[in-house]
């Protein structure tokens, strides 16, 4: 098992308040990792530091051996790190299809492929065709011509997932992929993620509150508490860790 | 030379206080409502025209002048209530750019109304006899009206400072600025408080219009001229910050009156140069404390 | 995203072009001048809206670039320089100027700060021009001659008002169409992403800053070209070309017409010119009317005139769809 992303001694504070106190974290290639911890533990901040949304105060992040901690977000995306947001963010005034088409064009641009003739008014038929296929992968083929802002919450999340995967990232970072979903939607999302992951084989890192989702998907879990990783290992091992039981799982651990 | 410099400094203090009198209401509205009211200068101008009309009836004298200015403040506050109901409240949730454009539309309405009511002619008013003329401090000659403006600026500043930092109502207003929703949760009537702040801010605009009326030509252009300077002061002073607005206004005033020394032959340029430098050096304003 | 079909847009543009080209044939010279002036202003507003409506950057000092072009061409024509060379120079100078401003400002400032910074920078230019004797100070450059274009052997004289009008119409149309194409092109599609959600755009690998800078340069260059076109039309250039109210006018025109629509600013310019014309004899009335319209637009129709029309159209379409659905499925749609 090779390590694809290696974070060392990540530190971040807002003003005088330290949020991350030297976090180490390894993601293995092809693995599904869950980052869990109580509210305010620094999950979101760690996530932002890894994606490049906020700069770290110190530490290193190596991706496939290359130092990326100083790179702006879009450069990390170009290297192969994709992400979704807690509240799905897509281009709201474009149709679902246009969302994916513009992303395909970006990917082709980044890979140095020819995207079509320069004076073209609209995306080439090949791009359109690929976009339709990608939409049908997440079950949105019937919403292709709907403006994203009119999509339901779950459809927006699916669109964002498809959009992020369109870039063919090596690592996909999911910020609470099932936030605000009903129980049945959650099951569906877990199944969808499992399927897409099996097909593409990307590495996954997610923050998640719902333990069913974590145990259903992840093969490794890291517990963050007060800006420090207090446990990591298989979800089962983490669940049995007494320290974790104490600070985090609480009654869920006893009921499980 | 040093005499000239001192003179320019005193003059700059007066200009700065004039800017502050307008900027105070502007920054107050921003601090509470989060609206940058481009039209503030327009209401200031209406205050000046109203004072002009009142003075025609009341005649000369410091008491009459103060009374006319206060009355202008009251009338403008009344206009403010209506404006708040019809416009400001609805602008609150829009993007910054749309707020600017909406309040700019408001400014145009003010200018148009002034033209329709008072006409296009230029007017001028002398200071009331009690504060006209000059004082001599050794070689230094200072006009009494300048001192009056500086004094009025200080009165407004300390009154606002006292109200915001010492009084119970000020604490509520501050909490409102930080989190209107939370204040609402505490059982306070948020819309009423908003209206209160708007009344104070508009009254200040009208009052400033009256106080600054003498010694300048009263024309429908007045609103534009003061809007821009007050706007700049509020931005470099840190949005919503009274002390910052005072400090920035004084810097701008002194820069303006010193500009003949700093950049000869380019009147008015220095103020923008200072502003650009400050915008880059302290993008969040001079008095901004840390990151949120 | 855009409701009108491409064919109807293209035929609309063609009809407008034919109508505009025929103006000197049936209107008196005064009108030809006014229409020419509106065309220049429309191009200026289109260039501003490339930034606001498509790249999501609001600047309040765009008139500075207009003034740069106007003064360069005005000054050069008086010195007897070649007109086409001067126009090229105007575009380059405008582009370079906005590149400089963009490099310094775009990365550090957004929203209100960027708006105020660009306003201050344009005021600096305004004051410097107004106090430079070589540029005529506050009175500006007067009696600018109409040019003659030398194209190898052929010479085209633009000295008559009609000839210059046609040249102006041709140039404005070409630049407007280039901008239009740019907005539809891949570049424009990325700009639209940035405007709708800059952070999301960053996370599909877009260098947001570089794209906005490119839009900045194009907008500055086109504004300078519009300014350059204005100099021989009015035959006088004054500092007012770069005054902040001129920048604001671009903002107002664009919003009135509809900032989300490419042709919105051009329509807004025409409507504003109409309002000015109708209310010209009542001092103050035009401000009240225009200000009132702006307020109504900002508060009730943020999409401007075109936005309002397209809402009407889509509502009608949706009603038609709903009716069709009822017929097809026999089910009533839940009430909205």
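For reference, chains read A, B and C in written order, and residue numbers begin at 1 within each chain.
Note that contacts are C-beta pairs under 8 Å (C-beta built on N, C-alpha and C of every residue); 3 or more make two chains touch, one makes a residue touch a chain.
Owing to the predicted nature of the structure, the values given are computational and were not obtained by experimental measurement.
**Q** Find the two chains joined by the most C-beta pairs in contact, please.
**A** After counting contacts between each pair of chains, the winner is B-C.
**Q** When you average C-alpha coordinates per chain, which one falls nearest the overall C-alpha average? Tell me, please.
**A** C
**Q** Which integer distance in Å separates the CA centroid of chain A from that of chain B?
**A** From the centre of chain A to the centre of chain B is 49 Å.
**Q** Give, as an integer number of Å, the spacing between the C-alpha centres of chain C and chain A.
**A** 41
**Q** What's the distance between the Cα centroids of chain B and chain C, rounded to whole Å?
**A** Centre separation, chain B to chain C: 33 Å.
**Q** Going by the touch rule set out above, which residues of chain C reach two or more other chains?
**A** Expected reply: no residues.
**Q** Tell me, which residues of chain A touch at least two other chains?
**A** Within chain A, no residue contacts more than one other chain.
**Q** Which residues of chain C touch chain B in the complex?
**A** Residue list for chain C touching chain B: 52, 58, 60, 104, 108-109, 111-113, 115-117, 120-121, 123-124, 127-128, 131, 244-245, 248, 251-252, 255, 282-295, 298-299, 302.
**Q** Please name which positions on chain B make contact with chain C in the complex.
**A** Per the touch definition, chain B meets chain C at residues 36, 87, 90-91, 94, 96-98, 100-102, 104-116, 119-120, 220, 224, 228, 231-232, 235, 265-269, 272-273, 275-276, 279-280, 283.
**Q** Contact residues on chain A for chain C in the complex?
**A** 51, 53, 72-74, 77-78, 82-83, 85, 89-95, 98, 102-103, 105-107, 110, 115-116, 118-123, 147, 163-164, 167
**Q** Flag every residue of chain C that touches chain A in the complex, lowest number first.
**A** Per the stated touch rule, the residues are 1, 181, 184-186, 189-190, 192-193, 196-197, 199-208.
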